[in-house]
């Protein structure tokens, strides 16, 4: 089967990244003495064209049949070198990488120690490579459709791009309407575009696009399968309104017995709605939804003599019999655009949020300044008699960001600019207002940001450098206690309104998607991309891409850019039509398998089944692997008592010699 | 123990979390002892507990298995199997008198480069305390 | 009293069934306390069957030990049932085999034999020496009576019972089709793992020395593995050459690795029939190794194998909240 | 050669006088009785019935290095021979077993590993005055005081051992401690002979092996083998602990680049023993393997060397976990013939 190994070992200097601490010549010399090694060379950059050419030439001229590249992490360049092997006519799985950079030269300073360790790493790779077997990369068809989870601006943009390219999109949104957080914004920084004006047309496009199947008020329940062939189950929650009949006229909402009595989520609880409601006027779809937790008829079984909405609806669209519906479909790619949660300001009790009614979050202020908001765009605090227009207004920056005490070390990236924007808008609405911003640093890094910040300051907004220690009530006023760190003066500042510039956090339900799609989280608990620089929209799960704030805080332009990136990644997959499936899958030696089914129990993917085979005339049960479903984790192999199921490229027979090579004392 | 003793540690790391975490430690130039050498597997679920027995036989003074935090396994469940298997082999090895300071398992995520350093330092330090483990080595017995 | 007539009748009836291939029980051995597994294919052979405190062998081993030789072309394999006698502990092996699909339920007819404990012949030989003639033994009211050439000799059970029987909690078969004899009252409610705790109480070095002395005797005859009803791989990884997990050479390192691997493969599977320890020609206390894992499995996962045919195998399952206080 | 006498309380001094050689005697090692080197602190006792592990392991170790090599190299390093050894308290059956096995290892090609050790060993036997239950040495041509293969035969006379040197090697050994050994009287010799006769009478198990060598092949297809093999576990107890079983396997072991070729006991009762690389196994089941075991001992070996490869030590009977009893098998074979 395997011809005698002729191994080439290629030690990379990586400029001086490796050679600075590892004696590359010594490692090369050592490698050349290892059994089966025919060629051992070193070169400044193995990944460069000439570096790769070196390998290809040796394969052709020296008849190498195994290659060890001792350079950086296989997570970096394994694919590069596999490709090089393939181009030279060698099976790409005859490659083993020795990680001399990330796991040796960069983490050790002592040249002698690092070199000794490098030798062992190389010896281990050589021990393994001689036993590697050629693998076949099989291809499967890609289902030409994409699932997008989340109907905010990221999901909308990705959906439109993919649909416009001619591929089917299933867009699943949890709430009754598209729009996400962006729809709540009044204006966007730094250009002061009206948020609704730029977003609404896109929402309408989505709803009317022939390639997009929009599922609002729906949730993804289950995803099985693998890249190119995901099987998706979506629960369409009952709206108790027949969307085909509902015209969105709104009579029901006015007639509802609870009209104006339920805090409206869209207005951050400051406005009121009924139990049957449209989240906001521009909602897409413009269909009403009954809130099953509030509706009298649904919660108590009785709503007067008969529910008012039923009586009022001219289209007869109300349907209390409606049930959740499970929809199943197949897609080739998945984009996760689930967005973020706003930091819960009650976790900073020193600022009195939730305790004093004139402490607002920035998003609440955003609703107040919005023409579609609860006050019709008037910045008015209090209700009825006690209503007043605040004159002294303070913003506090970095609430819930850059703050280890609440577990958020990161910068939320948008607060500085939205604060500037809100300050500007407040000044515009209340020209006589005194607006100041308590800040640690102002980060105005984007296009037009610094200019905007400058403009707002010129408009009279004061920036005070210092993180307030607390906000408390004194009479009718709120007092902010802070130290101006530029003048080193402590100050007590009496204001009418405190606005907390709250940061962005991973969604509280982030776990659901992790479990659904096997994603990882970075330290900040946002979803982890495959590589922070080179694969910022990919994830560890093939065929699953990230867009928007689900991956980390970002502003609208960045979100849209990333959404377009995710769409493009999905499109590459869809348009190629085929995808290579994992080659390093498990396989069963049916001659020794005892059919105990441990592997079947263990496999997280249901990729192994028990089948009956004929063994010398006896019917015996053995395990068999469905290679398209196998993800190559190898958990089955470690659980197999007879060693009959083995993961290709990670067989016992390949790992044991690695252990031996590392164990031997030099 | 003599000051010269440098324990030899064999570590099995999953590709997605701990190996990536070790890579991150490298990218971040975090320095740690060179005693530990890594064998990459796709998932800690691949680590047959008998690898640990074999590593001791082949000359390891300590062994580490490191994978994703519970719930974060790239393959959903592999680290749970690994944990159960490891807990059993650890009990058994300790029972026959192998110093538990030689047998470690850790959760290190792809973002925990700093934790990786801490883990390596601890594993190396404990193996160093436990001293050279020659009693179980193949070591050319009766050659 | 064991009603041998009844036993033989059961066996004859069973072996006369068309769907039964053979019946496995015990018969008297050729000398002293020896007893041999007895394969009954004809009703007449049933007359040699016995059931006594000497019937140590766990016959469940033969369910998987039976060789599946190539079936000549044109012939069909004999797929009829195997009937076998099981004591309480043996029956747990049958259950565990069902869990791991080593056998199918419809492949066996289980003759459950409630058991009052079997004799450790090493213990009784120390008391009596090795008698020439075949010895018969029987249970009687907490006592064991041996029939020797020079008359009967009575023992209090505890004097001569095998270690595993002293702590037996399952004297009654946990699975059977036919029950032979009356169920007995278990005499031990809880396993206290005393022998394991004694070793756990030693220092690391003492434990190491203890086991090294034991393992150094091992001659790697594989009798412990072969007699185990749950070691039934077609091709055991411990004597496989590619890859070589354990070298064939016999020395302390390989012996230790062999015994560790063997024990580990039984973690969560060992049903504590004690056969490995009984057959070991060099008297390695293998059950102290197996029981350590039983204890760990019980304490960490609250699991006992061989009781529920529907149970998930321990090593092929997990709980998200499995203990992990050892993890860095 | 003249008989000599050693006071029992001088046994220790006798051993000390042999300090130019390595002395092995039966000892309890762990839970097992086997031949182990005698060192000063250990109380030597010859009162054990026979050892569990036969002394064959001294001349034919379970694992033995044949030569060393280096991967990629072209030279081999032969292992050096061992020291002169004395085995004290060898039972006559085990000594006979060695002379049986000598046939094999000096047959077509001399086996240097075995013969070197064999040449350097002096066997000091001890007559079995209380033969254990399953002994049947007289049936296979031996006896509790058989001298075949021994250099000296000792007989326990109560307070002293009678030493009968049988070979020049034995005489030389006696000379090393001549001041401890006194000449034995005629009555001592007579007493010993009487004890030997009594001992032989104590052996109850017997089997008539006449005609087996010729007859066994005719039972090739007999149901006996099925019956014998049915309870067989296929373990190595009966063969590993048999003093005449001598099969071995040869394997290479590596550590880093260093390698050794070694041979180790093997057993015809193991499935792998006859497994071909093709996957074919000419002895596919325990039935053929048990048949081979009996045929080899009582027919093939007799054909080739004129001796039976069984010395009646009874170990296989004593230690078989499922009571496969070679005397019983042979009786059945005789019946079937």
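By written order: A, B, C and D. Residues from 1 in each chain.
Rule of thumb we're sticking to: contacts are C-beta pairs under 8 Å (C-beta built on N, C-alpha and C of every residue); 3 or more make two chains touch, one makes a residue touch a chain.
Remember, it's a predicted structure, so these values are computed and weren't measured experimentally.
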**Report entry** Pair exhibiting more inter-chain C-beta contacts, C-D or A-C
**Finding:** C-D
Query - Chain nearest the overall C-alpha centroid of the shown protein atoms - result: B
Query raised in the report: If you average the Cα atoms of chain C and of chain D to get two centres, how far apart are those centres in Å?
Result: 31
Report task. For chain A and chain C, let me know how many angstrom lie between their CA-based centres, rounded off. Result -> 54
Report summary line: chain B and chain D have mean C-alpha positions lying a whole-number Å distance apart equal to 47
Report summary line: Cα centre of chain A to Cα centre of chain D, whole Å, reads 73
Query raised in the report: Which positions in chain D touch two or more other chains at once?
Result: 63, 253, 255
Query raised in the report: Can you list the residues of chain C that touch 2 or more other chains?
Result: 69-70, 245, 247, 249, 251, 315, 317
Report task. Please set out, as single numbers or ranges, the residues of chain B touching at least two other chains. Result -> 49, 54, 57, 71, 77, 81, 85, 138-139, 142
Query raised in the report: Graph of touching chains, which shape: line, ring, star, complete, other?
Result: complete
**Report entry** For the chain B and chain A complex, residues of the former touching the latter
**Finding:** 8, 10, 15-17, 19-20, 22-27, 29-32, 34, 37-43, 45-49, 51, 54-55, 57-60, 68, 71-78, 81-82, 85, 109-112, 117
Requested in this report: Note which residues of chain C are touching chain A in the complex, please.
Outcome: 68-73, 75-77, 79, 100-102, 232-237, 240, 242-245, 265, 312-313, 315-317
Query raised in the report: How about chain D: which of its residues touch chain A in the complex?
Result: 71-72, 254-257, 279
Report task. In the complex, go through chain D and note every residue touching chain B. Result -> 63, 65, 68, 253, 255, 258, 260
Requested in this report: State the interface residues of chain C toward chain D in the complex, per the touch definition above.
Outcome: 29-32, 34-37, 39, 57, 61-62, 65, 67, 69-70, 130-132, 213-214, 216-217, 219-223, 225-227, 239, 241, 247-251, 275, 278-279, 281-285
